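Below: the structure, in structure tokens.
For clarity, chains are labelled A, B, C and D in written order, and residue numbers in each chain start from 1.
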Amino acid sequence: MSGGPLTREQMARLVAEDIPAGSYVNLGIGQPTLVSDYLPAERGIVLHTENGMLGMGPVAVGDEVDPDLINAGKVPVTELPGAAYFHHADSFAMMRGGHLDVCVLGAFQVAANGDLANWHTGAPDAIPAVGGAMDLATGARDVYVMMTLFGKDGRPKLVPRCTYPLTGLACVSRVYTDHGVFLLTGGEVAVQRTFGITLAELGRRLDVPLTAAPGGA
Amino acid sequence: MSRLTIAPGPDEALAGVQDGATVLIGGFGTAGQPMELIDALRRTGAQHLTVVNNNAGNGDRGLAALLAGGQVRKIICSFPRQSDSYVFDELYRAGRIELEVVPQGNLAERIRAGGAGLGGFYTPTGVGTLLAEGKEVRRLGGRDYLLELPITADLALVKALRSDRMGNLVYRRTARNFGPIMCTAAATAVVQISELVDTGAIDPEAVVTPGIYVDRVVVVPDADPASTEVTRMGQGQ
Amino acid sequence: MSGGPLTREQMARLVAEDIPAGSYVNLGIGQPTLVSDYLPAERGIVLHTENGMLGMGPVAVGDEVDPDLINAGKVPVTELPGAAYFHHADSFAMMRGGHLDVCVLGAFQVAANGDLANWHTGAPDAIPAVGGAMDLATGARDVYVMMTLFGKDGRPKLVPRCTYPLTGLACVSRVYTDHGVFLLTGGEVAVQRTFGITLAELGRRLDVPLTAAPGGA
Amino acid sequence: MSRLTIAPGPDEALAGVQDGATVLIGGFGTAGQPMELIDALRRTGAQHLTVVNNNAGNGDRGLAALLAGGQVRKIICSFPRQSDSYVFDELYRAGRIELEVVPQGNLAERIRAGGAGLGGFYTPTGVGTLLAEGKEVRRLGGRDYLLELPITADLALVKALRSDRMGNLVYRRTARNFGPIMCTAAATAVVQISELVDTGAIDPEAVVTPGIYVDRVVVVPDADPASTEVTRMGQGQ
């Protein structure tokens, strides 16, 4: 147990440490892309971006910026040796076919059974926009979520059942949050680690039955 | 497929577009976006178009300008809402444009299926979500799938790096994105290229789109710098 | 009307002359591949072979023979400028998607409605083997058949209904034979040309109602 | 996918093959046929295999030898009958091997669907024929289609020209054929290559099979001349 809740950089580092060496990984868009800062080359992790590339390197700076080389968040990136380009149908076939070992996504809510809600707030006037979120949630072998455990309104985002529209069913296996890491298996939620909060306190603030993971919490 | 037409300019490349056409437009963000062809499509004045693109236009140019002119009846895309998709947003909220949102991989696969002559396919993506509404769900091999139908079009507008005189294409980096599949799914595929090379100058092992899929090319030598402006902060998928 | 029935080389030449300039064409295997001998380069006809190539050149001779460059009949061939290679799924997507203008196939039988039988004799002990025949019959925009009009037993191969197992339904649009060229449209069989036989004689020997094509026979 | 294993020889490349495995074997005729891997598969002694290949073996070597040894329970292919497919023919007539004949394009598409995570697809090929027996027929958009199901496998044996140390592959001419799709549809893809090159030596625009699909490679520098013997007269598809 650390001293306090994690920063998003600390969460990203934690996620990065748990990704097995040699994995093929998609980091979605936004916050999870921070994970790439903590993946040293010697671990041989290869990044996929769904707009048609394996072997994506760090964000491009200065003269490296090339408008034809962007990630799924449309941020200019770089190319590493051993990269490969392919078209969109091939890229999503790769994803849907279960060839990506891990993807890391943000979330509005994750349910105890692994259901994920991260594409739509459910607000009646919201314009729906899904991008590749459902494809990633459905396709990657392991879906890790990285999010704050509580919303700005203080309500937990790890919930018994999602109230926001779903992205994928029973797809999330690990949830990395500022207050703890949760392992989801067959409807059970095991707390692997906590940060600045006790397991008992977590149990009171979440509406989800928790167990302590073996060797954890 | 007829033999390749090498059009003198974008306007000539778009001769014959009809009102009511379905148009596949390549690009993911600005990468691979056939900006000059989209502008030429706008200038045709064609109305009641159905547009298939990953997004629904950014800022005021390109697809956004086509939308602003009221030429598009319906858009099929995966991610319409972006920080600067205000043209689309306003039309949508005013009920002046129809929207079909499709998960990005299903969208790509539907276009591929259209080009490949398939009647449909079963995909796991979207099962149990709002986007499964109205779609057939079927259990196959112990897993639930949705039936998705092919997308074909009258026209595809695509940007590639280079073509030979038979229409064999190569692309550049992630600008490849939807181009290859869109060329296969349209009755007429129009491609803007940076460079036209002699037949034989492209390695047959490295051809990405064989010329059989390409009807017209037009050389657009250097893109307007503003059209290659990229977002440094990102803006969603 | 010529003097006598055509040789297969003459049939091949006739087929070749009817293929529009600039077409993408698949010549199947066996006899129809003779058609390529009568397609001069200036007509810009591009040959497809379903084992993954556009821009196929003539049969390889001598030092040109490359075991990695063969046609669908497994005969070594050559590569023309502007060729492209692709994998089998892409090759058959090209075919099934209606992108080939013409394919030329052999046949056991063709029915008046365009049904094609060319893959299976129906013999009970025959080992079924279909290859790409059904894909070609179904996928190409125009299916031309090139065959002798009568079998070795004298029985016509252009028939009211196929008795052999079908390859594709209502797919054949033209039938090139040693005795005549037939155009098939909506169940009607129009005789375009005859060779060494009169239309009346053809009418007696075939069990299919014939009409004379406008400007033909 | 684990990181690439570079096996010292074909036998090591096939470590762990189980009885009852489904094995995709690349090649169209001898082009792209992974002869040394097939021989190594035979030497594993694995039994009750299901083999997916375009053909059913020629002459006495390679796949024919695997069949002759009684190791194959079932073969899924498009064209078993050839002038020199006598090993298969005899087994088949003796009822000692099961045969599933699939039109070549449906076979290729089923393998692609397996690799792409689809539950099935509707194809027009085969409608109204003997090969439609037992298959669902469905009318979509005014045309009849057959439902075809994906093929996945435990193992793929493929021949490519060159790999880098991440498993990115390029092929050679029509030897590409089934290789790229087979690599995507197997739990373990084993590829024999003529040459291993450093990572970065293959143009990222020209990679045909990205390394994510490749588990093991083995360098087989020069093929046995007899294995590259080609038929000059042709022998069917």
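What we mean here is this: contacts are C-beta pairs under 8 Å (C-beta built on N, C-alpha and C of every residue); 3 or more make two chains touch, one makes a residue touch a chain.
Please read all numbers here as calculations on a predicted model, not as lab measurements.
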*Have a look at A-D versus C-D and report the one with more C-beta pairs in contact.*
C-D
*Length of the line joining the C-alpha centres of chain B and chain D, rounded to whole Å*: 33
*Could you state the distance in Å from the CA-based centre of chain A to that of chain B?*
29
*asked:* Could you work out how far the Cα centre of chain A sits from that of chain D, in whole Å?
replied: 35
*Among the residues of chain D, pick out those that touch two or more other chains and give their numbers.*
109, 112, 116-118, 123-124, 171-173, 205, 208
*Give me the residues of chain C that touch two or more other chains.*
79, 85-86, 93, 95-96, 139
*By the touch definition up top, name every chain pair that qualifies.*
A-B, A-D, B-C, B-D, C-D
_chain D contact footprint on chain B (complex, rising order)_ = 109, 113, 116-124, 138, 140-141, 143, 145, 149-150, 170-173, 203, 205-206, 208
*Interface residues, chain C side, partner chain B - complex*: 21-22, 24, 44, 46, 48, 54-55, 79, 81-86, 93-101, 139
*Note which residues of chain D are touching chain C in the complex, please.*
28-32, 78-82, 89, 92-93, 99, 101-106, 108-109, 111-112, 123-131, 171-181, 208, 228-237
*In their shared complex, at which residues does chain A touch chain B?*
29-30, 49-53, 65-76, 79, 85-89, 91-93, 95-96, 120, 125-135, 138-139, 165-169
_Residue numbers on chain B that touch chain C, as the complex places them_ = 1-3, 112, 114-118, 164-166, 168, 184, 199-200, 202, 204-205, 207, 210-213
